[in-house]
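In the two assemblies presented below, chain A is common to both, partnered first by chain B and then by chain C.
Entry: the complex of A and B
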């Protein structure tokens, strides 16, 4: 019985972990290229969730179709915030960019609240379920899992097989060197920020495919916290590291529940959270560059 | 010497006169309230403000004002937005008492915020009326000035257990899964106690953290325990998640009752047919049968607007065409309790009004009102509502029913195909 539950939870954790990973890639990309920590990360996830809700309830658009729409909206927002605020803060002290992204997060929350209100919302996308014996998986979760992997692969290909991706990598390696070689660093910064935000907003769609309820302007806070743990786990400036960090996080978060439940007198859910942060602490102490980055 | 004596007597007389005049010459009674108009409790906060405004309107314009010192004086309602934040609650209560000179403070929404504000009111010997903090622990701290109108958390699921015990003697196994908050844990304590008294077997008992975004591990473990019915919840967001993920994991039980979430319209709006047959305990629902005749029948004082009058005043107060929920009703009912106590004590002094509240027992559109010596509400009974065809129907207690219970709840597969829980 325990083994069955553990296997079921690990499967659920793997699926959720891929979505968590995808939701963290934007954060890592922005930090990797611009060295800006986006504290307002969760607010962009929330925007993605509202795009899905709006597209589903108003336009009757399935969440899968909302992914490219959310990505484009996210890129648009990314360019707007880059040229209006972030551009001026790239060389500024870290605190300035922290405060700016924090303010952008609050601004987004309040704008969404003004438009949609503070009510907790949700949508009901009726899809078939797959009974795997050890657990039941609705197809929406499976689509979110596959969607996350496809987006991660596309990002990998873009980074490694296109000129724009190569230019971006060159800026990460050596900004001045890239500039000397003719790379338009300013455009790479703007593009990276926009793509990072686009990915984050698109991940909001994938997260609602996993959990299509609880959509509200303040829902991003919890995801920001998780994204930071995952980003550190995978290497703060590595988007692929973030994706694998997400998988590890999802597996530990779900799998450890069954094991903690075997300890008499403890509440396993509280311990899974505790474990996440202990994990963060240990990685910061022994391998601060993250699991997938060289020391 | 004689002149000095006369002067002293005159001075004493004038002093007494001045004192007496200031103590009884109340020309208005100001209610202070750190309201949750934004932040996570904004929805409940808006309802509470609407409920208070509706009853203040009724007291001033229908009842004719509060009788004190031989005349009728109006109520004035002074409120600020506490943004659902603890630090704002404490500073706003101090401001209301020190600067705005209010005569009574109404607590904000939720047990956490209510508890945070209580010591501030208590240290200033200010009456502090609680309409949104159900946690019994608030009344175990030795506070003298805290008075509750909302019912205590330990009684939230009593009615549901009583109902299932009566309608289905074959249902024996119950699962309890609540949020890890003071309020929800207190509900779990009460539910477990009542379940054992009724002979149910508690096959699963767990809590989950606040702000949880995925309940899959907990619900998978709960599924393995094969309960006949499930009681749980905490607040609105986790209630939606609970129901949704039970549907995702195909956990079919005969009954599901969730506190706080399941009674709100947004719950059904988010879950649509997945919420069919789901129940929730409520302090008040539109359609309850509390009225002047019922009060007379059981020998209680009746005060306040009728249910329909309250709804009309509530809509007028908010300027919106929405039906009030229990947050509005309990907030409004405490206005009536305060007014009766001021009239009974003929004073706005917190000690005197608190004493009068302790002796008060009445019925209003909200139902019964009575407190014990700690200030805990003991006179109000809850109702259980069930989603049937997208509408909330009161299914328990039998004397308050507006419709029959649909039992057992349809399976999630049936609900996905559009089956409604209409008996």
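Entry: the complex of A and C
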């Protein structure tokens, strides 16, 4: 009984984990290239969720079609914030970019609150469900799972097969070396930031399929924490590391939920969130370079 | 002797402002609550500045220390009232516990986080308030998500009359004392080797280390001191003012945001900065809540971004630069 429940939950965790991973790739990309930690990460996920909601309710657009739209909106936001603030802070002490991205997150939350209000919202996308024996999975979650993998693959191809992607990788390896070889580092910074934000906003679309009525201007905070755990699991500066970190995190989160639920007198959901914080501290303490990355 | 006292002359403007706030609150009718709110923000800024301003590290989970301080006071009052112990000594004990809890938590967090540098430190602290909140709710510690309501216990401990004057008057007086003490400790740090060591590590941690400064020791000192003041602010302004404590309220990241705004606005690492920042933020929040309720963050978020990009030294940082060489310079650090 417990074992069957555990398998079912782990399967759900794997599906959610892929989306978590995709939601963290932008964070890792930005840190890898610019060495800027986007503390406002969750707020961009929230923007993606609202893009989905708006596209679905006013334009009648199915959530999957909202992915490219969200990506473009995210890229736009990325360029705006890069040229207005981040660009000047790359060389400044870390404190400056940490506080700036934090404030950008707050600004986004407040703007969205101004437009949409602060109550919880949701949309109702009717899709069939499939029965996997141990658990029942709505097709929307399956789409999100497949969508995350496709986006991760596209990013991989773009990184490895295009000139712009190669330039980006060279900046991750050695900024000065890339500059000497004629890479326009400023342009790579701007692009990476915009793509990173674009991916994050697009991931907000996929995440709404797991929280149909949990869309709220302040929903991002929890995702920021999760994204940091995942990013650190994956070595912080590698988008693929982040993707696999997401899979691991999804499995741990859902698996531990099943196990915590066995302890009488506790709230398992709250404990899984405590666990993610403890995981963050432990990983940072023992392997700040990430569990998946060979040293 | 004269020289020794001159070292502390920057304390004069801070004290003057606090005394003025106190006198306006006492003298002008209806102003006490407003002045108390200003003091809360000044005290929060002073406490936060000890760590952020002096080390250049940012602690995104700062409110957790206020939260556990609040719990320290609440637990003392409920437990002692149950055992029939009454009198003002209970409040004193509560304050001690409000110092002990943040000390323990900051030691635990600091032991991990302070080994890490810059961005990694910030990442480690970002979940402290949420993590602690969910531990309390999840494991049902200290009554879990139901929180603690201790109105009747407080009345039993102090008597109805004294309890109500505690929440409307004395808790605010405590805040004045805490804010003043925090400023004094900040100045003491600045004027001793602690401050020099912290300045060195803020400017260049590796160089400071090479010079033989035990950077970890000084970082932990600043971290714990800052956390203790946060605990006291929480105990005085939350537990004593409104005798209840709920995890989602006392671990709300909103207060960390406010502390960041106050310190950056006034000038991180300056003595008078948090006071100026606290006054500006508190007053604008007060008036915005009358004319444009709910808009203060929408207004302050872009202001903070502009400050970080264009004026990273804040208001007092600029004043300090202007006052250099003039007779005012000895009052400003």
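We adopt the following convention: the second predicted complex is superposed on the first by the 282 of 295 C-alpha atoms of A that agree within 3 Å, B and C clash if a C-alpha of one lies under 4 Å from a C-alpha of the other, contacts with A are read in each partner's own complex, and residues count from 1 in each chain.
Note that a contact is a pair of C-beta atoms (placed from the backbone, for glycine too) under 8 Å apart; a residue touches a chain by one contact, two chains touch by 3 or more.
The model shown is predicted, which means the values in this text are computed figures rather than measured ones.
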Subject >> Fit-or-clash call for chain B and chain C when the two complexes are aligned on chain A >> reply: clash
**OP:** Considering only the touch criterion stated at the top, classify A:141 as touching first (chain B), second (chain C), both, or neither.
**Re:** first
**OP:** Based on the superposed arrangement, let me know which partner A:9 touches: chain B (first), chain C (second), both, or neither?
**Re:** first
**OP:** Could you look at A:119 and tell me whether it touches chain B, chain C, both or neither (first, second, both, neither)?
**Re:** first
Subject >> Contacts of A:273 with chain B and chain C, given as first, second, both or neither >> reply: both
**OP:** Determine, under the contact definition given at the top, whether A:95 touches first (chain B), second (chain C), both, or neither.
**Re:** second
**OP:** Considering only the touch criterion stated at the top, classify A:214 as touching first (chain B), second (chain C), both, or neither.
**Re:** first
Subject >> Partner chain(s) touched by A:222 [first = chain B, second = chain C, both, neither] >> reply: both
Subject >> Of the stretches 39-47, 75-83, 237-245 or 255-263 belonging to chain C, the one that collides with chain B >> reply: 237-245
Subject >> Shared chain A surface residues [contacts with chain B and with chain C] >> reply: 221-222, 267-270, 272-273
Subject >> Residue numbers on chain A that touch chain C, as the complex places them >> reply: 31, 35, 37, 39, 84-85, 88-89, 92-96, 98-100, 102-104, 106-107, 109-111, 113-114, 221-222, 224-225, 228-229, 232, 260, 265-274, 276-278, 280-281, 284-285, 288
Subject >> chain A contact footprint on chain B (complex, rising order) >> reply: 38-40, 42-43, 180, 206-209, 211-214, 216-218, 220-221, 224, 236-238, 240-241, 243-245, 248-250, 266, 269-274, 416
Original post:
Mind pulling up the chain A residues that touch chain B in the complex?
Top reply: 1, 4-5, 8-9, 12, 16, 118-124, 126, 129, 131, 135-136, 138, 141, 210-216, 218-219, 221-223, 253-254, 257-258, 261, 267-270, 272-273
**OP:** Using the touch rule from the top, collect the residues of chain C that touch chain A in their complex.
**Re:** 52, 56-58, 60, 112-113, 115-116, 118-120, 122-124, 126-128, 130-131, 134-135, 137-140, 144-145, 253, 257, 260, 264, 294-295, 297-298, 301-302, 304-305, 308-309, 312
